[in-house]
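Going by the order they are written in, the chains are A, B, C and D; count residues from 1 in each one.
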Amino acid sequence: MTLTTSDVVLSPSGDGPSLAPETLREMFRFMLLARTIDERMWLLNRGGKAPFVISCQGHEAAQVGAAFALTRGKDFTLPYYRGLASVLVMGMTPTEVMLALFARAADPSSGGRQMPAHYGSRRLKIVTQSSPVGTQIAHAAGIGLAERIKGGDAVVWTSFGEGTTSQGDFHEALNLAAIHQLPAIFQCENNEYAISVPQKLQMAVANVADRAAAYGMPGITVDGTDVLAMYEVTRRAVERARRGDGPTLIEARVVRMTAHSSDDNDRTYRPSSELKRLRQHDPVVRFAAYLQEHDLLGEDAERELRQTIIAEVDAATDAAEQAPLPDPETLYDHVYAP
Amino acid sequence: MTLTTSDVVLSPSGDGPSLAPETLREMFRFMLLARTIDERMWLLNRGGKAPFVISCQGHEAAQVGAAFALTRGKDFTLPYYRGLASVLVMGMTPTEVMLALFARAADPSSGGRQMPAHYGSRRLKIVTQSSPVGTQIAHAAGIGLAERIKGGDAVVWTSFGEGTTSQGDFHEALNLAAIHQLPAIFQCENNEYAISVPQKLQMAVANVADRAAAYGMPGITVDGTDVLAMYEVTRRAVERARRGDGPTLIEARVVRMTAHSSDDNDRTYRPSSELKRLRQHDPVVRFAAYLQEHDLLGEDAERELRQTIIAEVDAATDAAEQAPLPDPETLYDHVYAP
Amino acid sequence: MPEINLLEAIRQGIDEMMADDARVFVFGEDVGIRGGVFRVTEGLHAKYPGRIIDAPLAESVIVGACIGAAMNDTLPIAEIQFADFIAPAFNQIVQEAARIHYRSNGDWTVPMVIRAPYGGGIHGALYHSQSIEAFFAHVPGLKVVAPATPYDAKGLLKSAVEDPNPVLFLEHKKTYRLIKGQVPDEDYRVPIGPADIKRPGEDLSVFAYGLMLHYALEAAQTLANEGVSVEVVDLRTLRPLDTRTILTSVRRTAKALIVHEDNLTGGFGGEIAALIAEHAFEHLDAPVTRLGGPDVPAMPFAKPLEDAFMPSPGKIAAAMRKLAAY
Amino acid sequence: MPEINLLEAIRQGIDEMMADDARVFVFGEDVGIRGGVFRVTEGLHAKYPGRIIDAPLAESVIVGACIGAAMNDTLPIAEIQFADFIAPAFNQIVQEAARIHYRSNGDWTVPMVIRAPYGGGIHGALYHSQSIEAFFAHVPGLKVVAPATPYDAKGLLKSAVEDPNPVLFLEHKKTYRLIKGQVPDEDYRVPIGPADIKRPGEDLSVFAYGLMLHYALEAAQTLANEGVSVEVVDLRTLRPLDTRTILTSVRRTAKALIVHEDNLTGGFGGEIAALIAEHAFEHLDAPVTRLGGPDVPAMPFAKPLEDAFMPSPGKIAAAMRKLAAY
C-alpha cells in the first residue's frame, strides 16, 4: 500500500498536529542551528580551514520533524552523511560537530578518523556510520531484530538518499524488517540527485515510496520541506513500530540546496535556474514564515534567536579549532576491542 | 502495476491461445522428456551412480510454456538449476544433460567441472550459470543492455526461485532493466520453499509479482502448472520486450514435487500431507489430461510417446555413462582465455 | 571423556553458550526446523524459541543485521550456509564489521561470530568447496579461526562468542563427521590466538590448519617411519597470527613447509612464508616451501579433477621428503 | 612527445578504444555528463552517445551487468567510483567474472575491464583511501594491473580492453594529476604481465607499483647519493605476476625489499616475498623485507594519522639503508 501526504494531516496551512508553541519554536531553533552550522562549514571550507563539507541544507525539516517524533536516549538513529540536523536533535552539540569537521582528537564520532559528517555516539544511540551507502539500513534492521529478541520497545530510525535505494542492501534490509515486522522507520531523503545522477536514471518509479509495495510495508511520500508534516508522519510510524505493527518507509521530498559536497561542482549537470527554483522550497524560510503567520515567533524574537545561534556557532568553531589534532601514536588504537 | 492471471487468456479450460495441435504435442513431449530424465536421475542417484540430483519436477509447465515463446538460437536464456525443461526446449539433448549428471569430459555445460544442472551452451545462447543464487539476474540485465547498445532485437530470459528474490542482485538487476526498459523477461518459479524456508519467512508479500511495483515494471502471477497460461503470458512479455517497451516480471506458481535436492530430506520440514496435495497439481498429468480431453493425444499415441522417450533416455544414459571422465591434466585448462 | 565429531562439538558449543546467555542467537538460512543443511543447529530451534532464526536468502543482510544486533546488546552467530556464499556479504564484513570499532574510535563494538563451512574434497564442485581465509585474514579488525579438532572447535567457538570483536569461524566440511576426538564434559575455552603444536619434531616444521592439519599429521607419520622427525603446528587462529610459535619452531628445525588447500598464489601461506623468511632468515637451512591448491578458479566436480586439485597426505609427504633432503 | 598526466593518459586510452571499436562502452556512477568524479570520462559522454552510461548506485549490478554485456559481444569498461566501494561487487567479480571461462570449460569468455581508483594520501579517510589489490590478485581467472606512469597507464588500458579476460585496472588517485610523463601520439600497447625495471641497480632490488613506485624511485635517488645502488622494479601487473623478472633481479642483487601501501599482513607483498624466499633462497644475502601500511583497518582522515599511515620516501629510504647495511 502506498499512502501519500493526503492521507495524513500535514500541511501547516492546514491545522497541523497540536504541538505546543515552545516545541514548534524548538524545532525551528534546531533547523536554524543546523543551517547556520552548515553555512559556517562552507565558509571554513572556502577559507581553507575545513578540507571537506557535505551538506544538510534543504534537508533540515525532514530530519528535525522526524527526530522530534523519536525518544532521545532510547531510540536508535542511523543517519547518513546529510544527517546534521537529526544528530543535533538527538543530542550532539555544535562543538562536537565542529570537532569532526576539523578532525580533532576529541571528535566523539571518530576521533578525527572519519570524514566530517560521519556522526556517531554510543551515548546518544547514534550508530557509527561509514561511507559505503546503504549498509546502515541492514544494521537498522538488525537493531530492530535484537530489540524484538530482547523484548524491548525501542524503535530504530535510519536515513538515506534516493540513490541509495538502488543498492541491494536497501532491498535485503527492508525485506527482512517486513518479514518480522521489526520496529524500524526507513527515511529516504529524496533530493532527486545522486551526485549528478537524476532520479530518472536511478529508478523507473515516480516515488521511492512505491518501493514499499515490494515488502508489504506502508510507503509514504511526504513534503520533506514541511517540518510538521514530517513530524506527524514519523510520529504515526513510530507509534506503529512501538505497537509491534512493523516498519514504515517514509519518502521525504527534499531539495539539495548545495553541490553534492565541497568536492563537487553541480553547475556541470544542474541548471542554475533549477537551483533558483529549489531555493523557493527552503524549509527554514518556510517554517519561519509559518511561525510568523501564526504569531509563534515575532521578528525580534527571531532576530534574537539568530544572534544566539550565531554566537553559539562562533564559540563551537573556536573551541573546536583550538582543540588538538590526534597524536600519530593513536593510529594503532582500537583496532580490536579488549 | 500487478496483473494477475485473470488479466490474460490462460486456462486451458478456457479457449487458450491458438497453438497448432502438433505444437501442443511438442510441448507435452518436452514436459514428459524432462520428467522422464529427472526421474531417471533420481534412480541413478539412489543406485549410487549419480552423486547429486536437483530436480525440475513440478516446474516443467512453467519452463516449457515460457521457452516456447522464445526464439531458439536468437534469444538468450539464463535458467537456474531447476531449468532442465527449459534447456531441453532451447536445444540441449538428453545425452548432453546426462553427460553433466555423470560429470563426463564431453559435458558441454562445464566438462564435468560444475555440479549437475548447471547448464550452459554458447551455441544455444544458454548462459553458463553458477551456484550463488541471483547473480544471473544481473547478467540478464547486462545482456539486455548490450542488445540495446548493439541495436539488436534479441530478448533475454532468466529464471530463479522465490527465495532468490531476497537477494540484492534481484533488486539491482530489475531496477536497472526497468530504468532502461531493457528487453528482459524475469521468470520467478515460486515453489513456496527455499530449501526448508517457507515463503512467509522469505517475504511479507503474497506474490513475488508484487515486487514489480518497486521497479515500475509489470508483474504477473501465473499458474505455473498450466503450460498454456505460461506460454501466453511469456509470449506477451516477449513481444513487449522486442517492441522496446521493457521488461516483465513473471511469477510462475509451481510445485516442488521432490526434496530440494538429493542431499535434502524434506520430511523434516514439510508434512507428507502437503506433498500429497501438491501432487494433484502435477503439470505433466494436468497437460496430458487436457490433450486427451481435447482429442489432441490419444491413449495409444501417449503410450507410444512414453516408450520413445524412455528409449531416448535409456540411450542417453548409456552413451553418457560410457563417455570418459575428464583427464586430470585438464584441471589447468581454461583458467584464462587465450 | 566422550568422543564426538567436530560437528557435534560445534553444536555443543553453541548449545551451551545459548543456555548460559540469553543474548546469544543464531541467524542463517535453514538453521531453524531444518537444523541447517549440515545439521549443526539440529534440535536447537525447539530448545531456544525465537533465538534460532531462519534468515531470508540474502547473505549481506544476514551479516549486516547481525552487525546491528551486536550493537544492540545481543551476541549474534551468523551462519553462512557455504563459505563460497559469503561473497555477497563481503562489504558488510570487511567495510562494516571489521572497521566499526576503529572508525568509532573505540565507541562501538561488534561482538559477533560468522560461521562458515568451507573446504573441499566432498564432491562439492566449484561453489561448494572453496577456501576463503586469505580474503579475511588480511583484514585488520577481524579475527579468523579455523579449528581442526573437536576439542579446539568447541573451545574456540565459545571464545568467539565471548569475544568483543567480529570473529570469522571457519569449519572444514570434510572434518565435520570425519574427525572425532575427546571433549571434556566440563566447561572450557580455547583462546583465540595461540597456535598448537600437534606433533613435536626436530627436522622440519609444517604449518597447517583445518583438514590439511590432519593430512599433515598423516604425512608426518609416514616420514617418521622413514626416519624424519616432523613438527606439525596447528595454526588454529589465522588472525591474529601466532608468529611467536611459528618462528620459535622454525628457528629450531631450520626448515619450514606451509600447507593449505586454498589456491597457492596470494593465499595466506604467503604471509606465513614471508614472516619466516624475514624473521628467521639466519636460522633457515632450506627454502621456505609452500604447498597449496593449484591456481585454478576452484575445485571441479568430476572426481579425477577434484583429486588432482586436493593436496593429499601423499603430496604433503613428498614435499616433506624434498625439504628434509635439502 | 607531449607530456600529460596519468588521468589524461587513461582518458586518451578509453577515448581511442571507443573511437576504434563500437563495442566498447563505459558503465559507472556519474560517468556521464559529470565525466566521473575524477573527470576521467570528461567529454566522452557527448562524443559517444549512448556508450557512456550513468549507472544506478549499485556496484554489484554495475559489474554484473557488464559481465552479461561482455557475454553479448560488447566490451564493457565498468567504473567503480572509489576502489573502497568495489566490496558490494565482490561476489560478481570473484564468483562470476573470474570463474565463467573456467566453469564453462572455455565456452564463455568475459572480456571486461573494471576501473577502480584506489590508494591514499589524498585526505580521503577510511573509505576513500583503500588499497584492494590483495583481495583480487589472489583470484585465478582475474587479471590485475596497477600502472604507475602515464605511458604504462594508457598502454595497459588498451591491452585490458582488448584482453578476453576480466581485468581489474587499478588507478592510484594520488598519481592522477601528480604524475606526468611523455606519451607518444601513435597507437601502442603495454602488454599485461611483464614488470618493468624503472631504475637499474646493483646492491638491492625494490619491488613496488602505483604511487609507491614513485616513492621508491625517490628513495633510490637518496640512496644513490649515499653510494647505494638500488634497482627499482615496477611490477605493473600483479596477476599474472612476472616472477621471472622478480627472481632474476634478486638473484643478481641478493637483497629484496617489497613496498606497498596496503596493510602489511596478508598483503600481496607476502606472495612476492614467499616466491623470492622459495626460489631465490641460495642467492639471498639478507632477509626478504616488506614495507607496507600498518595493520589498522584503514587510513584515517586527520592529517597526523594519515601521515603516520602512509609509507613515505623517507620510510622507504630507511628500509633500503637497513637492508643495504645488512
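Basically, a contact is a pair of C-beta atoms (placed from the backbone, for glycine too) under 8 Å apart; a residue touches a chain by one contact, two chains touch by 3 or more.
Quantities reported herein were computed from a predicted structural model and do not represent experimental measurements.
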Q.
If I average the CA coordinates per chain, which chain comes out farthest from subunit B?
A. A
Q) Does B-C or B-D have more contacting C-beta pairs? A) B-D
Q | Distance between the centres, which are taken as Cα means, of subunit B and subunit A, whole angstrom | A | 45
**Q.** CA centroid of subunit B to CA centroid of subunit C, Å
**A.** 37
**Q.** Interchain centroid distance [CA atoms averaged], subunit C/subunit D, Å
**A.** 30
Q.
Measuring centre to centre with CA averages, how many angstrom lie between subunit B and subunit D?
A. 41
Q. Among the residues of subunit D, which ones contact at least 2 other chains?
A. 55-56, 58, 60, 84, 87-88, 91, 95, 99, 102-103, 126-127, 140-141, 295-297
Q. So which stretches of subunit B touch two or more other chains?
A. 110-111, 113-114, 130, 132, 166-169, 172, 175, 179, 201-203, 335
Q | subunit C partner contacts - residues on subunit B that touch it in the complex | A | 51-52, 103-105, 110-116, 130-133, 163-164, 166-169, 194-197, 201-203, 263-264, 268-269, 325-332, 335
**Q.** Footprint of subunit A on subunit C - complex, ascending
**A.** 23, 25, 27, 50-51, 53, 55-56, 58, 60-61, 63-74, 76, 88, 91-92, 95-96, 99-109, 111, 140-141, 143, 164-165, 240
Q.
Help me check something: in the complex, which residues belonging to subunit B touch subunit A?
A. 166-172, 175, 178-179, 181, 200-206, 210-217
**Q.** Interfacial residue positions of subunit C with respect to subunit B in the complex
**A.** 29-30, 32-35, 37, 54-58, 60, 84-85, 87-88, 123-128, 294-297, 300-305, 307-309
Q) Touching subunit C in the complex: which residues of subunit D? A) 60, 84, 87-88, 90-91, 94-95, 98-99, 102-103, 126-127, 134-135, 137-141, 239, 241, 263, 265-271, 273-274, 276-279, 281, 284, 286-290, 295-298
